[in-house]
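Following this line, the structures themselves.
In the two complexes below, subunit A is the common chain; its partner is subunit B in one and subunit C in the other.
Entry: the complex of A and B
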């Protein structure tokens, strides 16, 4: 019997099994609360134009009204409802990280795993990660703003570059620990191509910590937006984002504390949601490894 | 020790070289023609060309880079094209403010980080453990700017205990200076302190499992001494390196913290310089921040190697 006649076992449904596992993880209490909170915030952000049509820029003479049932967070210097602006601001924060973190996750993971295909390439990316890690997040943000100008795009680029090494390092770690295992050697002996070994054999073993990191990078991204927008190098007014609201809010902190507290509440709710999700995923990953 | 340094120095040198190239390229990547900026809008082509030659911008890029780099090494940080003053002077004028903030924050970071870490590593059950774990998690998840704003809301507005913005040099008026410094320094220090505490806690937990701890216990060494001279002694390396790594982030946090608390430091200067397109200033601040971060990291590793022979002999 030659090799070509050996019956090839049907491909195991690796991903489907995996998807089921992650769903089970999110069904844990903290996962459910986290997902629920996140969905609630996203739904609020998406439905804001329907529920509060035109409310985001609606000015009135009633500036700095204290919080009341009509204006839960009070009104700002132009008489606009701060709560409505906070909800609108969620659109920017959430859209930013939903675009940038997956890009960073895919690119970073591939860069980290690239050592399986070419040792030189893998080493090169590690040096690149070293350089990026040497730049504190805000210094990196400033450099990007100088090159492409302040705004949504430069925030996306900042968050992508800032998150790349985190995924790259995780993938690299998985690569180094799996590379010498027997199943990888077996695949190599059978003549499976390097690219396929990387994606089909090593990648699934790297996924757990990467999904946890996706959740954590979302938090980091949201906070980076806030930081750069507070100093005026992020989203530009009049678009409300959590950072631009804080930029103005802090100037009026004596007359309207809710102008500062409102965006912070939203920031912390988002961070809490992603943290709970990360916790749930992490617990599942540890359980699978039997720890 | 020399062998250890010989192993570490190439990567540090590579990092510094890469950073200097990035900092050098920043103004050039930003677009705009510095010669045109200086000459003004209604200068003739010849005038712009003359200024370009005077600035050395007609040279090839590598020559410009080397020229700039050797200038830096001689202490010539360049001249701001916007204010027409030497960048070194501009930085010196703001350095004191940021230095006060960074030093106070570093002291607080080390004190809180090591204190919390040792506490969390020693208290292993009950409400104390839960409280410490939660406190560290919350601090860890809240970045400096959010911590700063929360401190303002709590201590500045609700309890009205501390002034929320402005600055007075601590050398001129220690009491007012310190009361203005406390909140921004805490905001910078707490998130990094939580990171250090978490690492020390994990390391202490790990060392508790080691055989030499079991052996000491079997020998009848008192519990407090086991913690002090066996567990803590072996965890200090982690504390040193963790501190070294966090200094860079702490400095970068100053950018936002200075803006929030209206302190006229280097961070605020960098932000203003980006807005006014004063790239000669930004490039030096960026380079300085990264160089300080890389060097403190290296310094902490040297300190660790001095403390722990296993590292330098490996």
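Entry: the complex of A and C
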């Protein structure tokens, strides 16, 4: 046999290749800035109790102080430091989306791919997504709050339900385009089982857009929390969340503009972080697609 | 017969691509000229720089490419130095371009009339007369009922008709030079013949100069007057078509002509091949770019680039070959021409595949009912024995892929019977599927889509070996053996598909199919996406494996020359039916169905012949939709011996002919004896 002449190279680690791609994406300038900003915001939220012990509810007689080095965003109607409350509010917002978006991503992707197992199931889920998309998120949120009662849990459920269709449709789209690919047909002709075709051929090629969508859904989730809390259906005071802060802040917008602007700045920073990450992942996905 | 002064002269054109801070030269000293009333063919494989040359002349280079040196004199003006406004006035008015893909060259939301009128108006025609001129142009390019069709949209035209519209736009302003970039590559052979005839006709009637860019030597031989052969961004040979085809003076041109399977010559055991693959522009070898693949390469070829120079005693012939220039001509080919191989008979063996009256229907359906089914394959029967090759020929949409995919369970079977190795597998239940999986494998057309880009070659082959039940530990050695079998180095196992060229990927696809040790291989257009110089390698591997392993091969292709080389028997499909079948030699020599005759006649032959186009039978019209096939004989709406030309032959309209014939050759035609007369007797 001639093959003994050429040494066959060692097996490459399989998993690392996929993970390395996403790490490479995040190592791009956009990705680095996005990740850095996100980590900074999370660190600030986690470290807030250490840095400002008791600061979040600490009242004083100095209500509506203008911004100053001591109170960068000024103080609110009870003399609490708005900056500290904004940092604390990040805890709620970030923890919400970090829990709910991955749940939605996994569930939505599975629902989207279910068409491969049963046509009827796949079609059924797509109609369900149509119905969810037809509901305004606020109305959907109100319905859920009525059923579960206001609080963290109902926000998680709302964000999950609202994010499902995006993932489901992306996965479905990838499934339909991958199913017709010749390498999938080749695997079918070889008799490879449906499950293995799904894991080896379809899922890896469907993951790129889903990762990008995770970042985008995080932003949407944060805004859903804010929207529901503004109307009083989300996080209940005195716990600060970006939405509850806005809820109260709007009432004092002429007296203390920073009461409204502070949470909005935090929202924008979070959105910027996730957007940069999404862009970096997307750029990498397009690059591999082009090869 | 050389005509007056050249219309365009390109001198020492050099372009380069910029990738970040790196520049990669793409064209090196390209020089040629085109004269009025003549067709210049620029031939080359993918990456040879032929399209880039055209775009450089049109000043439509991609953003990261730039012209480094050289000039392109059109009518005394150097196109490469004109400003953008002056260039805009020339584009479309004096030099027009016809692109490869007629699907994307027309705007889908505007009527074709609007698009022709636009071309007229931007170059100063009055709006009032534009419409009548557009109708005139449509009739000039042979579109029936131009008054009605001018208000239709591109999607209402077939591919060939769309390409005619594109040509109408190109000649709208009486351009003196038309650059056609692979104008027929996306079209079927019968439609290709229509479009080529139109180009020749326009050249003769309007006296325009045509630059035809193509990879197909056959097309060049049929309609070009002069030829420029490009390889790796350089012109390697120039001359008149007759001279270059009769006596090529560059080893690349010569090897390329020899490695093409020929429709009109006898069948040989093995095609002469050009080793290796077309080089990547960014990693060109030093010296002559062809030397790593050249059988005549000498030391000097490895170090210095041969200039394009005239050969003594051969006026008008230029070649870029050190050997030819030193000796005055290329030394004769040393490789012996193999003896012709007769078609083999396989009657003594039990068939591995038997198909009886197979029907494949498709219908789309959703929540709101289903569309009426389209019958893609209509009562097709065939059989195949181990070691035998059956060529299945037909144009796109004839149902050949639908048929082959139904045989492996990828398409639903609506009626009929499929037997593999004596077992009825029509139902494709678990046991039947298992039988098919271990006996029948499939090689796909597109080498770029048939390998998962995320898996290494080892993973791809291991998946197949796992299906055969090879133990995990033994898969590695087996995968290496498979690669070796298709002529690839086992050290490639850890690479991803993107590291391979098209020909290598196709070999990997073959290795994957062979991993389960099947007895029947279905090859669906396995070489049509490959460069000509690579096709021969893949064809040879298929033939060698077939003979060594005793494989039966169902070889599907639209290229009759390739099918001729490989097949023992052929079956010709039209609109879901087999219209003719029989031993390859008999069918090719004496077709008994007019469609076979037309296919044979339409296929371009790499033999220069000034009258080739005029002697061809060129079919009018397009293949009817399988949704709504004609009554009686399905070919009657285009048939050159049918009721179109013989109104008395109403039997073709009323009765559907059955496959019949005395010997092994059978045809479904009411007048089978007239078909052979349709093929023009080929010139020597």
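In this text, the second predicted complex is superposed on the first by the 275 of 291 C-alpha atoms of A that agree within 3 Å, B and C clash if a C-alpha of one lies under 4 Å from a C-alpha of the other, contacts with A are read in each partner's own complex, and residues count from 1 in each chain.
The definition used in the following text is that a residue touches a chain if its C-beta (ideal position, glycine included) is under 8 Å from a C-beta of that chain, and two chains touch if they have at least 3 such contacts.
Bear in mind that the values here come from a model prediction, so they are computed numbers and not experimental data.
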item	value
Touching partner for A:246 - first (subunit B), second (subunit C), both, neither	first
Contacts of A:145 with subunit B and subunit C, given as first, second, both or neither	first
Which superposed partner A:200 touches (first subunit B, second subunit C, both, neither)	second
Which superposed partner A:32 touches (first subunit B, second subunit C, both, neither)	neither
First (subunit B), second (subunit C), both or neither touched by A:78	neither
Partner chain in contact with A:267 - subunit B first, subunit C second, else both or neither	first
Residues of subunit A at both interfaces, subunit B in one complex, subunit C in the other	none
Residues of subunit A touching subunit C in the complex	1-3, 6-12, 14, 17-18, 123, 181-183, 185-192, 196, 200-201, 204-205, 288, 291
Complex contact set, residues of subunit B against subunit A	11, 14-15, 18-19, 22, 26-27, 29-30, 141-143, 145-146, 149-150, 152-153, 156-158, 164, 248-249, 251-253, 255-256, 259-260, 270-271, 274-275, 279, 282, 286, 289-290, 293-294
Contacting residues of subunit A [partner subunit B, same complex]	127, 130-131, 134-139, 142-143, 145-147, 219, 223, 226-227, 230-233, 246, 250, 253-254, 257, 260-261, 264, 267-268, 271, 275
Residues of subunit C defined as touching subunit A within the complex	367, 405, 408-410, 433-434, 437, 440-442, 444-446, 449-456, 458-459, 463-464, 467, 476-477, 480-481, 483-484, 489-491, 493-494, 498, 509, 512-513, 515-516
